[in-house]
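Think of it as A, B, C, D and E in the order they're written, each chain with its own count starting at 1.
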Amino acid sequence: MTVHPGDAIGVFGTNGAGKTTLLRLLATLLKPATGKATILGADLATDARYDVRPRIGYVGHVPGLYPEMTLNENLSFIATAMGIDHEVVESSLAAVGLAGAADRRAEVCSHGMQRRAEFARVLMTKPDFLLLDEPHSALDGNAVDLVDDLVRQIIDSGGAAVLVSHDRSRVENLATYSVEITGGTIA
Amino acid sequence: MATLVQKKSPVWPWIVMAIAGLVTFVAAMTVPPDAVQGQLSRIMYVHVPSAWLAYLSFGVTMIASGIYLWKRDLEWDRRAHASAEIGVFFTGLAIALGMIWGKSTWGTWWTWDARLTLTAIMFFVYLGYLALRRTTDDMDARAKRAAVMGILAIVQIPLVHFSVIWWQTLHQPPSIIKPEGPDMDTVMVLTLLTAVASFTVMYIAMMVKRVELARLEDAVLIAEQTNTGPAAGEAVVAPDLSGGA
Amino acid sequence: MTRTSFWTQAMAITKRDVMRERRSGEVLWVTLPFGAIALLLIPIAIGTDRPTLRAIGVGMFWVIVMLFGVLIAVRQAHTESQAQRDVVALTGIDPAAGYVGRVIASFMFLIGFEVVLAVVTVALYDVPLDGWAWMPLVMVLVGAGLSLLGTLAASIVSTGRSASALVPLLVAPLSVPLLIGATQTFEALRLGRSSLTWTLMMVIVILLLAIAGVMSARTLQES
Amino acid sequence: MTVHPGDAIGVFGTNGAGKTTLLRLLATLLKPATGKATILGADLATDARYDVRPRIGYVGHVPGLYPEMTLNENLSFIATAMGIDHEVVESSLAAVGLAGAADRRAEVCSHGMQRRAEFARVLMTKPDFLLLDEPHSALDGNAVDLVDDLVRQIIDSGGAAVLVSHDRSRVENLATYSVEITGGTIA
Amino acid sequence: MTRTSFWTQAMAITKRDVMRERRSGEVLWVTLPFGAIALLLIPIAIGTDRPTLRAIGVGMFWVIVMLFGVLIAVRQAHTESQAQRDVVALTGIDPAAGYVGRVIASFMFLIGFEVVLAVVTVALYDVPLDGWAWMPLVMVLVGAGLSLLGTLAASIVSTGRSASALVPLLVAPLSVPLLIGATQTFEALRLGRSSLTWTLMMVIVILLLAIAGVMSARTLQES
C-alpha cells in the first residue's frame, strides 16, 4: 500500500481489527515487528523516522492534553518546542472555535472541546502527513466540517492523509480511496 | 533466524565445569588450616573466588551492554544477559557462604556491616536487571533498556570493594589487591589463586552454555512473534443481536 | 517551521513541568509535608534524647532527602499518559533535550525541598552547624544527582508491564554513593579531614549519570 | 422536560453546550445547583437519588474499566457488588461479541472493544433508565446495531432512554423525540 | 436484581483492590522495596555505631511503617479515574461498604508490609526482642489505624484537586497517636510497666477513625 501526495485514504475495519495500531505505526510511534514501511522517505524501522516526526500530524482517539494546563498553555508548549510563533497558537484556537475557551484548563473542557484543541494543534504545526483516528467522533456538525476542511487543505497543498473511521459515508466523501482491515491484514 | 539454533550443542562445558569444581574442592581441602580460624577458613577458597567472579561477570555484562548499544547486535545482549545471570548466581553463593562463615566466626548469620549490606544491594540490583528484561517481549526494546541498566549498575562494584576501607567494619579488608601487596601466607595465596583460576574457567564454560540457551529462548520468542496465530482482531465477533443476555 | 535549538526544547519541557507542578501542587503539598512529617515523627519514635538526636540529625535529613527526592524525580513516570507522550514525541523534540528539561525541573523542586527540610532539621534536631558553609554545595550536588538519577530511572521503566516495580532497584545503587558522599563530607569536616574526595566522588557520579541520561535518551524513548 | 416510560430522547447540541453535564446530572453523579429534577421518582437534590442508582444504565464517553483487570473481571466485580449471577457476565460479553476477548486485560483492548464492554455492563444490569453519551462513537457497524437494539429493548419493556449524540440521523431514527441544548438551556 | 448486603459489597471492593494490586504489584514491588531500602540507608547515613542502631531500630521501624503505610493507603486516590468512580457509584454500593472494603484491602497489604520490614529491622539493627509477644497485637492495631486513616485521606483527596493539600494535615496529627502508642508500648514493656494505657489509646483512635470514615463516606463520595 502506498500513499501518494494528494491522497487521502480511508481505513475501515471492525473493532479491534488493528486500525489504531496501523496509524500509530505510520506515526512512527510503534516500530514494525516485521515487514517494511517507509514514510515521507524515512524507513520506519530505522532512526530516520525521528526526523520526519515534526511533519506528521497525528490525532489519536484519546486527547493528549495536560489536564491541569489551559488549552492555550498546552498549545504554547508545543509551539515553543517546535519553534512556532505564539500568535499562531491563538489563531489556531480561534480557527477551531475555541478562542473563548483558550484560558480554560483542559480538564474542565468538554470532550468535544478537547478534540477541537487537538485539531488546533495539528492546524498549528502544518503537517505534510495527516493521521487521524476516528476524526469525527465527539465533534458537532461545525467541527466536523472544519476537520474535513483541514484534510482537504493538506491534500490540496500536496500532503497526504490517512483517516481511520467507522463513519464510512463521511470519510468516503473525503478519501481518494479506501482500504479495509481485518485481523491485522490490509485487504 | 536459523543461525540462532546450532545443530549440535557442545558437551565440553559440562565437563569443564565439573573439573573446575573438583580442582577448587581439592585445593581447598589440601591447604593447611588457618592458625586462627581452623578448618572453617577453607570456606574462604570458595567465598572469595565467588565474590570476585561476581565482579567479573558484572564487568562483562557492562562491556557487552556497551558493545550492544554501539553495534545493536543482539548477540551481545545475550552475552550481557548470560553474564548477569551467572553473576547473580556467584553473588548468591558468596553471600550464602559468607553467612555460614559469619555464623561461626562472628556468631551471627548477618550483621549490619557496610560490605554485607552493599553486597546484598548488589544482589538485588542485578535481580532487578533480570526483572527488567522480563517486562517486555520486544527484543530490541528489552536489549536497550537492559543495556543502559547493565552499564549503570556497575557502580556497585567499587562500592562493595572499597566499602571496607570507607568504614571500619567487621568484614575483612582487602588483603590481596591493595597498594602494599598481599600479606597472606604464600601457600594460601597460591591456593586462592588456583581457586580463582578454576572458577574463571568455570565461568567461561557457564557462559557458553547460557548464551546458547539465550539463543534458543530468542528463537522461541521470534517464532511466537512471527507466527501470530489467530489475528488479534478475531477475538471480536459480530454481536449477538438475538435478544441479548 | 524552523527546527528549534536543544536549549529551547529543554526549556519548553522544564516550563511545562514547572507549570504542571504549580497547578497540581504535588511536590509542594504532598511530598514536602510528608518529608517534614517524617522528620517530626522520628524523635517521637526514638525518644527525645538530645545527644542521640544531634548525632543522627544530619544523617536522617539526607535519608529523607534521598527517599522523597527520588519519589519527586520519578513522579513523571506516573503522571504522563501514553497519549501525552505521543504528542511530545511527535513534536520531534530531541529526546536528550527532553531528558535535560525534565532534570532541570526536578532539580529546582529538589533544591526547594532540601532547603525546607534543612530548616526543619535544624529546628528539630539541634544539629551541630560545623561545616555549614559546605551545605549549599552538597545540596546542589545531591539535588543534581537525584534529579538525574530519578529522571533516568523513570525513562528506563516508563513502558512495559509492571515497570514501576523496578524503580527502587534502579535507584538504590546510584543513590548510595550520593548518600555516602553527602554524609561523609560532613563527617570528614567534623573530624577536621579534607572532604574533597567525597565531593569528587559525587561529581563523578553526577557526570556519569548525566552522560548516561543524555546518551540513552533517544534509545529509551522508543517503546 | 419529562421523560415518560417508553420514551427515548435524543439530545443534541454544540460542543461544550452541556449535554454531558445534563447526562451526569440525570445519572445522579452531579447534584443540581439550582432547579428541581426528579428521576424514577427520586428527587435529584436529596439522598433519595442514591436508591435509584442501580436502576440507571449510564455509559459515559470515557470507558470506566480498570485497565489492569480483564474484561471478565471488570464485569464480575460489578456483578458481585450488585448481586448479579456470574453466568450473566459471560452471556453479556458474548452478546456484544467479546466472548473471545473476555480474558484480555482492558488496557490491551482497542477503544471500540472497551466501549463494547461498557455496553455489556449495561446489558448485564438491565436498567430501567438508559443514559448514553455519544453511544455510537468508536463502534463499528455491527456494534452500532447492537446499541440501537439495546435501546429498543429497554424502551419496549417500559424503560426510558436519553441519548446524547452528534449523529443526528441515527439517533432521530431511534428517539421518540429530540431536544436541543444551547449554552446550558434546553430548547 | 436483588439488593446485596453490606458485606457482599465490601468484599467485592476488597477483592477488586487485591486483584488490582496483584496485577500492578505497586505495594509489593515499589513500596516494600523502598521501605526496605530506607532501613538500609539509615545506617549508611548515620554511621554504623551498634549501640545507637540498637537504640533507634524499633523507632525507625515504626516511622518507616507510618510513612510508607500511609502512602500505601492513599495510593488508590491516584489510581482511580473519574469514569471508574462513576461506574462504582452507579452500582448503588453503599459508600460506607466501599470505605470498609478499601480499608480491609489496605489492611492486608499493610500487615504484609509490617511483617517484611520487621524481619529486615531485626536482621539489620540487632534490636532487642523483649516484648515480642506483643508485636502481633501492636502490628494489627497500627495496620488497622493506618489503613483507616489513609483510606479516609484518600477519599478526601479524590473529591477535588486542591483537597490533596489537606492530606498531610489530616494524616500527621492522627498518625502521631498511633506512633506514640506503638513505640511506648514497647518502652513500657522494657521498663516493666503496664502497656495497657497505650494499647487503649490506639484502640480509641482506631474507633474514632472507623466512625469518622463510615459516617463521612456518603458525603465524600459526591463530587
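Throughout what follows, a residue touches a chain if its C-beta (ideal position, glycine included) is under 8 Å from a C-beta of that chain, and two chains touch if they have at least 3 such contacts.
The structure presented is a predicted model; accordingly, all values stated were derived computationally and were not measured.
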| item | value |
| --- | --- |
| Path length in steps (a step moves to a chain that is touched) from subunit D to subunit E | 1 |
| Most widely separated chain from subunit C, with each centre as the mean of CA atoms | D |
| Highest C-beta pair count, chain pair | C-E |
| Centroid distance [mean C-alpha coordinates] between subunit E and subunit B, Å | 37 |
| Chain centre separation (subunit C, subunit E; CA means) in Å | 26 |
| Centroid spacing, where centroids are CA-atom means, of subunit A and subunit B in whole angstrom | 47 |
| Subunit D residues counted as touching two or more neighbouring chains | 62, 101, 110, 112-113, 116, 142-143 |
| Multi-partner residues of subunit E (each touching 2 or more other chains) | 24, 33, 44, 161 |
| Overlap residues in subunit B, where contacts from two or more other chains coincide | 121, 124, 138, 140, 234-236, 238 |
| Complex contact set, residues of subunit B against subunit E | 108, 110-114, 117, 120-121, 124, 167, 169 |
| Of all residues in subunit C, those that touch subunit A in their complex | 1-4, 8-9, 11-13, 15-16, 19-20, 23-24, 81-93, 218, 222-223 |
| Residues on subunit A engaged by subunit D in the complex (per definition of touch) | 13-17, 20, 61-62, 97, 101, 109-113, 115-116, 134, 137-144, 166, 168 |
| Subunit C residues touching subunit B - in the complex, by the definition given at the top | 152, 156-157, 159-163, 165-166, 169-170, 172-174, 176-177, 180, 184, 205, 208-209, 212, 216, 219-220, 222-223 |
| Subunit C-facing residues of subunit A, complex | 24, 27-31, 47, 50-51, 53-54, 56, 58, 60, 62-66, 68-69, 73, 77-78, 80-84, 105, 121, 125-126 |
